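Both complexes below contain chain A, partnered by chain B and then by chain C.
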Partner chain A sequence: MLRQVALLMFLAAWPALAAAFLHPSRPDPARVPTVEASTVRAWKTPFLWVDARPRGEFLRNGIPGAISLPEDDWERSIDAFLDAWDAGTPVVVYCGGGDCGTSESVARRLRKEAGITQIYVLKGGVGSWRKAP
Partner chain B sequence: MRIFFLLALIVGSAQAQLVWEKPVRNLRAQPGDEKVEAVFRFRNAGAFPVKITQVVTSCGCTTARAEKNLFAPGESGEMTAVFKIGSRTGRQNKTIMVHTDPQSNTPIILGMVTEIVENVELDRRIVLWSRGEQPVAREIHVKVLQADPIRIVRAESSDPRLSATLREITSGREYVVLVKPADTASPLRGEVVLTSDSPAGSPQTFMVRARVK
Partner chain C sequence: MAKSSLKTSALTRIVPCLRVGLAVLFIISGASKAWDPAAFAGDIANYRLTPWLVTVAAALYLPWLEIFAGIGFFSRRTREGSLFIISALLVVFCGALASAWWRDLNIHCGCFGGGGSGVQFALVRNVLLLMACAFIARTQPPRAD
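Presenting the complex of A and B:
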């Protein structure tokens, strides 16, 4: 009886494991977590905005107080980020919107290079911040 | 990446005229590569000419252009996209949005997913101390990822108030660099440069930024 139960559990485990690893909506642990604009609006503690778009777009309509850190100009821009950022302060990275990918890329790099743990990507980009209640 | 596929699927079904062979390309860049290039092939499968009116890339690092703009029914074409790597590392997702006339056509989104291979990995490139905190050494672990060994031969600090000590764990494979300010009483902006022995003639270097603030 016990052997049959064990066999059944073994057989049932395979599809469960396959679903866990191959499911299309399985979370990617390497991804930086996203945050909704409305959530950021409700934060009471200080945080730092990082604009991942090209410098021209940042100058045109960046969020006030944000630091420009485009990957195209990383080596020159990272010093300004380090001057503005205090260890332990959460960082929110934004780009133009939709699935631009740039903010994710900048956030991953900051997490890896500086070991920033409280780092987020703004869902929907800069447009969502302007529209958020 | 899934987003690329979904978008390509949605766009592919909505866009009846330009049919793209592979709207998402997976690419691999080797250490030292300055750029990667992808050629996206398409065919005008509709009954009317299609004009490419605008190409918008998701990053200033990516350019894309077709050989010409107007394609007759049944005609095939190519769009060449170039992604300049710069100092980027890891996986990079770049998109190219192609607008066509008639304007009723949904723009096409092409994807370039590039894996930038690193031959040496540093677990930190930025180390920080707050003013007044104990000037404890920060450890930077260096691992050689490629099969052939690379030796780190030097760790040099740009500032006399910042020390950098190189320790070999396994020759050609693994090192630890200890970075330490003499004190944290005043601000400091320094760099530590790690020099390798590869490639011979113009050895690769790796920079670590150190700040007391």
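Presenting the complex of A and C:
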């Protein structure tokens, strides 16, 4: 039976490998997964918000409890983030909304530099959070 | 004696039906996920169980494993292996769903690509499918190699 299992697993590996390189809708390993605002609203376990927008915008209408971490002020802000973040706590990064790439860029950097594995980008940005049921 | 042969006859009809049902279900489920692996990766990420790199690998590989395991049910040579893989996948899916239920995550199961049913319904369905696998395993005679 183990031989059958190995055979089926081996056969499945080839189209999977082809999909990894050729599928038009293949997931990008370098990207950070997105999460819907409604999904985050339902999370019962603690998580940390990170605001990727410039500090002025964060002060004006940031999500309460969020940590401001704009890319242009990274060196100064990262310490505040590391103080607030407990290892293992999921992090959700948001920006102004729509297709702004700032949150993706900050999330990538956090994943790389702080080694955070559970990191997400809020789909639709801060506006979607305010509208989410 | 007659009762026993009636039972055997019923079993010989039920088991192939279950096998075909499971095979078709897994082929359809695998194909719907293989169609859009990026969406499936998003569904897996919603469970918050694996790092993104593992999620991407799973999103690319699991759909095809489901498809081949489903197809394998139709051949005598790979039937046992298919049953083992499908049972193992169902155990893993049940574990992930139970964990999502425990953590009260408001997510779609991602069972058939593009969202799918809620966590509780999917968990009950997978437990029933697992019971079907156990039933097939108990009744199928060992293959003579």
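One rule holds for everything that comes next: the second predicted complex is superposed on the first by the 110 of 133 C-alpha atoms of A that agree within 3 Å, B and C clash if a C-alpha of one lies under 4 Å from a C-alpha of the other, contacts with A are read in each partner's own complex, and residues count from 1 in each chain.
One rule holds in what follows: a residue touches a chain if its C-beta (ideal position, glycine included) is under 8 Å from a C-beta of that chain, and two chains touch if they have at least 3 such contacts.
Since the model is a prediction, treat every value here as computed from it, not as a measurement.
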For this session: Report the partner of chain A that touches more of its residues: chain B or chain C.
Result: C
Exercise. Which of the two partners, first being chain B and second being chain C, lies in contact with A:42: first, second, both, or neither?
Worked result: second
Seminar exercise, completed: Interface residues of chain A shared by chain B and chain C, listed none
For this session: Sort out for me which residues of chain B touch chain A in the complex.
Result: 2-3, 7, 58-61, 86-90, 92-95, 124-126, 128, 130, 189, 209, 211, 213
Exercise. Along chain C, where are the residues that touch chain A in the complex?
Worked result: 34-42, 45-46, 48, 51-53, 55-56, 59-61, 63-65, 67-69, 72, 77-82, 84-85, 103-107
Exercise. Can you name the residues of chain A that touch chain C in the complex?
Worked result: 1-5, 7-9, 11-13, 15-17, 19-20, 23, 25-29, 31-35, 38-39, 41-45, 90, 111, 117-118, 120
Problem set entry | Complex contacts: residues of chain A adjacent to chain B | 24, 54, 70-72, 74-75, 78-79, 82-83, 86-87, 96, 99-102, 104-105, 108-109, 112-115
